[in-house]
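Just below sit the structures, each encoded as structure tokens.
In what follows, chain A forms one complex with chain B and a second complex with chain C.
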Partner chain A sequence: MLLNVQDLHVSYGAIRAVHGVSFEVDEGEIVTLIGANGAGKSTILNTIAGLLSPNSGRITYQGQDIGGLDAHKVVQRGLALVPEGRRIFGNLTVSENLRLAGYQLQADERARRMKRVFELFPRLGERRDQLGDTLSGGEQQMLAVGRALVTGGHLMLLDEPSMGLAPILVQHIFSILKEINAQGTTILLVEQNAHMALKIAQRAYVLETGHIVLSGPAAQLASNPDVQKAYLGA
Partner chain B sequence: MDLSFLQQFINALQLGSLYALVALGYSMVYGVLLLINFAHGDIFMFGAFLGVFCSMTLKLPFVPTLLLSMILTALLGMTIERVAYKPLRHASRLSVVITALGVGLLLENGMLALTGADPRNYPEEFLVTTVYNIGGLSISNVKIIIIVLAFVLFLGLYLIVQRTKWGMAMRAISYDKFAVPLMGVSQNQIIALTFALGTALAAAGGILWGVAFPVLNPYMGMRVGWKAFIAAVVGGIGDVRGAFLGGLLLGFVEIFVVELGQYVGISSTWRDPIAFALLLIILVVRPTGLFGVARRQKV
Partner chain C sequence: MSTLRQTVSRWLAPLRRQLGRTPVLAFMLAFLLAVLLEQQVGENFAKSLEFRKIPKFFGLVDIFEPFSDLDFSGILAPFFPSPSMDVETPIQDSGAAIGELVSTFWNALFYQGARNPGFFSVLVRVLVYDIVIFIVPILILALLLRGPTLWVLQRLPRWLALALHLGALYVVLMLWGADGGTRELILIYMGINIMLSASLNLVNGYMGEFSVGHAGFMAVGAYVSSVLTMVFFTNSSVFGPALLSPDLGLPFGFIIALLAGGVAAALAGLLVAFPSFRTRGDYLAIVTLAINFIVTGVINNMEVVGGPRGLNGVPLWTNLTWIFLFTVLSIAAIYNLVNSTLGKGIIAIREDEIASSLMGVNTRKLKLVAFLVSSFIAGVAGGLFAHQLAYVNPGNFGILKSTEALVMVYLGGMGSISGSIIAAVIFTILIEALRPLAVLKWVVIPLILILLMLFRPQGLFGFRELKLNLGLRPKPTQGQPTETEASDAAAAD
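Entry: the complex of A and B
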């Protein structure tokens, strides 16, 4: 097991956002957490990545406890988060964004990983000297995924990669995610667009107000009447 | 062009360079922390006094004094950040500003208690003045050294900010703190480095100021600090080019208000009111300063 989350509780001050969530991700999988706005999906990812501290519970990655570790140290272990809203540095160029993502790497390793990103996303290569602010939403999402590939690339956490993108771009991003996964990156995907998420994931968890209410193989959940009604607009 | 005008041009360049060196620190710290470090003027004073200590007591020559004072002041800057500002990283902006003012008072009065109120200056042999006469224009080596050093230090800083990964991280923090740790960057390290660089430049400014205007007292940082702060705002706070340009601009405005004022019968006591009125007009026209961009509100 690559990532194991046990009985995780997280709160913002007095507001409890996640209470008692447990799930796991195996090496090589694509796993998705689906749920409505405010269900606690982003909180879970931000806590795993070290941006938030859990109140209680265990997060183990590659068998080691990473709960409460600072984000810049979590990254060192090959776990990278593509945050909600992409969070591209708009005052840095495309290559600077990628170089910063390789902050802890040796120059040659960083160059090797950047080259791979430009191969996966030729569009980014064409715009390497453009400022992040000048990219379209789709290009920014490509850059956000690219950055995560440079920093980590062993386990990638993605927070709403489809947000604000045209359907054709969502298709493109998701096909790239499948490709990245085939090349060896395990993916934990959080989505409101349950339709797309269940299509590419092997397993899924359904989150409601800080609890996991359903879990199972993605195909099975996609045909579950409750899930269809609540998340797939059937 | 008449000679007095050229002479004043050199003077303005000297004064502006000094403001610019101090303004850089305000701007850098604001860039990464959104904090106006009101103790910065007093850190400038501290650097100048460390220079007195190195040159008078340790009898060090100019260059070692400059370097030692920059290093020690950088350590002071990092210590202040660690002890006074870091615990308030998530406190309200007002608490941090009040703390900064308190740190400034502590430095001023601490120095007063330590050295007394008598004005200090550097020893004669610290930087022996030679005046060159170039076609009727008299330029001292001191002025040349100040101007050249200020430009070299700025250039060095600019290269660090633009070319190194630390500089890239500084720029990234100033844009969006949230995502920076996700890149594997330790925010604390970058903030400490920012303080170190900014305060080292202030120390260099302090020593050069003391060479140009040899009356050092523990309150010297207040006036210069405020002016440099205004220079940083006019340049566009958060941008190092803006801070440097703002400093130079302030030097030019101050010197030329006096220079041109004498022809129209304005006394030199009007220097500051007129200079600052001009800067206010710049801010009315460009509220974010010369190099500033409006900050996006982030959630």
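Entry: the complex of A and C
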């Protein structure tokens, strides 16, 4: 088991956002966490990544407790978050964004990973000297994924990568995610766009107001009438 | 109009091209020779232009002198008469004062008697002096020296070539500037201002915080170093005879005192660094403002250091050499920091703190580093300032001083060291040149700022560095040398 979350509770001051969530991600999997707006998806990912600290519960990664570690320490273990809204450095170029993503790496290792990103996303390579702000939404998402690949690359957490993108771009991003996964990166994908997420994931969890209400193989959830009604618009 | 400009620029193009290929060192050497020329003929030439003395600081300090008689107080005074004043109708008296002001201004522009030339007269003669003594000789000599200097520079390792530039700069400054008078004073304030603006730029420009209380750190450095030098190395009326010998004061005592002042200022910087972990933006700006007030407030209430009356008898140890040394060291430290990996992290924090922490940037550590380095340098600058003034009081380090540092940072441009240096140079000269305008100075300077923000909000060099042609050999890691004139981005000094 690569990532194991046990009975996680997180709150913002008095506002309790996540109460008692447990799930796991195995090596090599694509796992998705689907839920409506405000269900607590981002809160869970941000807590795993070290941006928030849990009130209680355990988060173990590769068998080691990472709950409450600072974000820059979590990163050192090979776990990278593509945050909601992408958070590209808009005043910096594509290359500079990627170089910063390898902040903790040796120069040669960083160069190797950047080269891989440019191979996966040729469009980023063509725009390497373009400022982040001037990229299209799809290119920004590619850059966000690329940065996470440079930073971590073992387990990638993605927070709604399809947000605000045209369907064709979503498909493109998701096909790249599958490719990255095939090359050895485990993926935990959080989505409101359950349709696409359930297509590429092996397993899925359904989150409602801070609780997990359903879980199982993605294909099985996709055919579950409740899920279809609530998340697939059927 | 535009055709005239085109013609002129076509004529000047070859000259500009030639000068562009001339390394900075050649200009420095040429300036050195021009200084020698001034020492030989400057006095006589100035006399023949009807100056009483050699113009101060290229005449920049002289040109506004004719306005020193302007009196603005007469305009409002009739409305708020003192008991002894005899005012018939305020409007009339005020009107008379305005009329007088206008005529004084008119005279100041053109002529105000044989001994007091008008503004235009001074301006023209200053221009003639500068062109004959400095500009023309420097241009000619620099072009002549281009070949030899490039030949030498290309044969030296980079570090030696850089050291040669610093050495030449030092010699130029000493020869021209160490006059023990106006020039040296202006250069000393320039160095202090460079240290202040570059160190503040680290926090405001590179890290993207908004510190508005930089003078607070300066105050800590000034008082701590002054107390140390006075207690240990000076026989003073405040602290009695020196605890150690006055003979030990220079250079060791001074160095230690300045560094101790820097360390104390850095400790005060912690008071901003820790809150910065939790808040940023406007709220942190309020914290820095508060620190400024707390520091001056504490000093105001410390009787041992004179409270609001200030501390008198600080040894007059600051001179051009000390200023040169610490300015160069500060700039080198900041330049290396912002170009290191840590520096990239500091810039990442400015761009997006959350994203940077997700990439492994230890944001707390870097904030700590930035605030410590910034306040340390401000503290050392404060120490140098105190040992130049001989008398310090809390009023020297109020919010106005902090504002000056801010003005320089935004004038030069955020995230630009060369911008901060050039802005400090301009600002220092401006302050000195506009001194004769008295009150009007604080109308002119803000006006310049407003115009700057309107027409060039990024400042002179926002997020860019001035590229100087240092004529250095290319860096070995960059592979094959391209051309002989390898231009190099470097912080100007």
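Note that the second predicted complex is superposed on the first by the 234 of 234 C-alpha atoms of A that agree within 3 Å, B and C clash if a C-alpha of one lies under 4 Å from a C-alpha of the other, contacts with A are read in each partner's own complex, and residues count from 1 in each chain.
To be clear about the criterion, a contact is a pair of C-beta atoms (placed from the backbone, for glycine too) under 8 Å apart; a residue touches a chain by one contact, two chains touch by 3 or more.
This is a predicted model, so every value here is computed, not measured.
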For this session: Consider chain A as the common anchor and indicate whether chain B and chain C clash or fit when overlaid.
Result: clash
Exercise. Of the two partner chains, chain B (first) and chain C (second), which one does A:183 touch, if any: first, second, both, or neither?
Worked result: neither
For this session: Give one of first, second, both or neither to describe whether A:53 is in contact with chain B, with chain C, with both, or with none.
Result: neither
Problem set entry | Partner chain in contact with A:151 - chain B first, chain C second, else both or neither | both
Problem set entry | Partner chain(s) touched by A:101 [first = chain B, second = chain C, both, neither] | both
Exercise. Now for A:134: first (chain B), second (chain C), both, or neither, which partner does it touch?
Worked result: neither
Exercise. Between chain B (first) and chain C (second), which does A:175 come into contact with in this model arrangement: first, second, both, or neither?
Worked result: neither
Problem set entry | Superposed model, chain C segment overlapping chain B, candidates 60-68, 78-86 or 474-482 | 60-68
Problem set entry | On chain A, the residue positions that both chain B and chain C contact, one per complex | 49-51, 70-72, 75-76, 80-81, 83, 87, 89-92, 99-104, 147, 151
Problem set entry | Of all residues in chain A, those that touch chain C in their complex | 49-51, 70-72, 75-76, 80-81, 83, 87-92, 99-104, 147, 151
For this session: Flag every residue of chain C that touches chain A in the complex, lowest number first.
Result: 341, 344-345, 347-348, 351-352, 354-364, 463
Exercise. Along chain B, where are the residues that touch chain A in the complex?
Worked result: 165, 168-169, 171-172, 174-176, 178-179, 181-187
For this session: Could you pull out which chain A residues touch chain B in their complex?
Result: 49-51, 70-72, 75-76, 80-81, 83, 87, 89-92, 96, 99-104, 147, 151
